[in-house]
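What follows is subunit A paired twice: with subunit B in the first complex and subunit C in the second.
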Partner chain A sequence: MTTSTGVEELPIRTGDDVVRVRQLVRARAQEVRLSLVDQTKLVTAASELARNTLVHGGSGTATVETLSRDGRSGIRAVFADEGPGIPDVDQALTPGWTSGSGLGLGLSGARKLVDEFAIDTAVGRGTTVTVVKWTR
Partner chain B sequence: MTQADGGRVRALLRSGDKVLRRWVEAAEEPLRGRLTTGELGRTCSDLLSVLVEATDGGLDVRTDAYAGARGFLTELSRDWARRGFSPTETASAVFALKDALFAAADEDGDGDLATVLEASRWVDALGLVTFESFARAREQVISEQAEQLLELTTPVVKLWEGVVAVPLIGTLDSARTQIVMEKLLQTLVDTGSEHAIIDITGVPAVDTEVAQHLLKTVVAARLMGAECTISGIRPQIAQTIVTLGIEFGDITTKSTLADALLHAMRGTGVEVVRRAGSR
Partner chain C sequence: MERVPVLSLGDALLVSIQIDLQDNTVLALQEDLAERIVSTGARGVLIDISAVDIVDSFIGRMFASIAALSRLLDAETVVVGMRPAVAITLVELGLSLAGVRTALDVERGMKILRALSDRREVRQADEADADLVPVAEGGGPAAGA
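Presenting the complex of A and B:
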């Protein structure tokens, strides 16, 4: 059974908010003693997703919570926006494909950096990306 | 309730010296004698005449009629803040006008609820102007500091003849990258250097945006004929970059600044040798 504690929500409206989300995720990851590599991976994934929320969604929120299951701890981060949504999720998840001027590795890379990855999107309704990273 | 045109509040304000006297009395108390009665009296008197004039335009403090009054309050807030008054003390002095207005309304027998409410709202809005200007002044200081920090954290240092380095610390966003790039390229020209080292030991996370900024800087330096090395890639950053799928291509990367310096020195034909007999 998974239990969740310490839900915290941050708005994502400016580039500074992305930094704030990153700092919150890092602080939480340190709290549950994720290894340094896993911390960095999760923080980097959060950074990518928060920026996607800002750049593609216009603005949105990041919700971070601490999970606990069978003696393991984890961090769940949910990035939600009410932007245009993603028309083709498979294409968006292809490494190197970009809708803007980026490297096109953000979304696909974020998926590889975390343990659990879920994306819920529909054109015109917005996008919600949920990621979880567990302690080893 | 009818839309306030401020008629009764205006009448109360003009009801003579009593309002001013009561206001000064009420305002004096929270300031605890840190301002002389004479000075406070002059300030209140000046403010009162500005306000009387402004109320001709109604009670909405956001309108143009209140431009002068808002300017007065902003100046007052700044002046008092400089003299060590807290924003609460400044606002309290303005809020004290309520006491005077309520007392005046009471005496005139015009103290109905609508007038009191109207006067109260109006004075609240005035008090908030002082608060807002205080917060604005603070915000200005903060944004100035942020800008200074931006400049401060991106020095370009000369490590050796023909070798310059930028030790990056903290978040690398577009604005920072722009400054770093400009400074680095200018320093390359000024010092006639052929080697540039970008050290990212102090960058907590390298995501695709940071990587893209780094790549751009390196390419720009190369266009100017300089060889660019990225150093300070820690193990966790290296693993994350690999997982993300970012490729640095043929850009030279080193794990420490020392390695990068050695590499650059070798590139310029300098060989570091240990003297025989010394350890």
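Presenting the complex of A and C:
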């Protein structure tokens, strides 16, 4: 069974908020003793997703919590916006596909860097991306 | 928004990133560097990222564009001090930063910039010599007539 503790929510409205989300995710990843490489991967994924929330969603929130399951710890980060949503998720997850001026590595890259990845989106309703990274 | 200071050392510009980079800071650094390369006539740009704990696709792309724009302005860029965890993450992200010259630390980075600058001077000297060589000097078909 998975238990969750220490839920914390941050707004994502500016570039500085994206930095604050990175710092929170880093602090929580250190708390559960993710390895340095895994911390870096998770924080990098969080940075991509928080930027997506800001740039594509307009604004939104990041919710970070600590998970525990079968003696392992993990960090879950949820990025939610009420923006335009993603019309074609498969396309958006294709490495190199970009909706704008980026490299198209944000969403596909974030997925590669974490252990669990889920995306819930609907046109006109917004997008929620959930990622989890577990200790080994 | 914080700005990253750009220092001038000899014919190189030094940038040591000591803050958490947000996107606007990254864009401002790019513009500052372009202007400073032109105003100082710098031949090299050294960016020290040993204090940077993450490089995501936006920041990574900034290194690539700084390298490209400095080349257009006749300067070379070396990114130094990348942390191992950052390198592992970048590769997994699919960002290999091809076209960006790297070195392990500032000292090696400066060595690369010096070597590039020396090579360029030699090449320019060679080209200057070539201009001075007279065509068909002695022994040419026209000379013996």
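By our rule, the second predicted complex is superposed on the first by the 136 of 136 C-alpha atoms of A that agree within 3 Å, B and C clash if a C-alpha of one lies under 4 Å from a C-alpha of the other, contacts with A are read in each partner's own complex, and residues count from 1 in each chain.
Assume contacts are C-beta pairs under 8 Å (C-beta built on N, C-alpha and C of every residue); 3 or more make two chains touch, one makes a residue touch a chain.
Quantities reported herein were computed from a predicted structural model and do not represent experimental measurements.
J.: Taking subunit A as the common reference, can subunit B and subunit C both be placed on it without clashing, or not? Answer clash or fit.
T.: Overlaying the two complexes on subunit A (C-alpha atoms) leaves subunit C and subunit B clashing.
J.: Under the stated touch criterion, which partner chain does A:P95 make contact with: subunit B (first), subunit C (second), both, or neither?
T.: A:P95 sits against subunit B and subunit C alike.
J.: For A:A27, select first, second, both or neither according to whether it touches subunit B, subunit C, the two together, or no partner.
T.: Neither: A:A27 stays clear of subunit B and subunit C.
J.: In the overlay, answer first, second, both or neither for which of subunit B and subunit C A:K112 touches.
T.: A:K112 sits against subunit B and subunit C alike.
J.: Looking at the overlay, does A:G15 come into contact with subunit B only (first), subunit C only (second), both, or neither?
T.: In the superposition, A:G15 contacts both subunit B and subunit C.
J.: Of the two partner chains, subunit B (first) and subunit C (second), which one does A:A122 touch, if any: first, second, both, or neither?
T.: Once the two structures are laid over each other on A, A:A122 reaches no partner at all.
J.: Is A:T40 touching the first partner subunit B, the second partner subunit C, both, or neither of them?
T.: Touch partners of A:T40: subunit B and subunit C.
J.: Where on subunit A do the contacts with subunit B and the contacts with subunit C coincide?
T.: Common to the two interfaces on subunit A: residues 15, 19, 22, 26, 36-37, 39-41, 43-44, 47-48, 51, 95, 102-103, 105-106, 108-109, 112-113.
J.: For the complex, give me every residue of subunit A touching subunit C.
T.: 15-16, 18-19, 22-23, 26, 36-37, 39-41, 43-44, 47-48, 51, 95, 102-103, 105-106, 108-109, 112-113
J.: Spell out the part of subunit B that touches subunit A in their complex, as residue ranges.
T.: So the residues of subunit B in touch with subunit A come to 171, 173-174, 204-209, 211-212, 235-237, 239-240, 243-246.
J.: Please output the residues of subunit C touching subunit A within their complex, sorted ascending.
T.: 1, 20-25, 53-58, 61, 83-86, 88-89, 92-95
J.: Inside the complex, what are the residues of subunit A that reach subunit B?
T.: 15, 19, 22, 26, 36-37, 39-41, 43-44, 47-48, 51, 95-96, 102-103, 105-106, 108-109, 112-113
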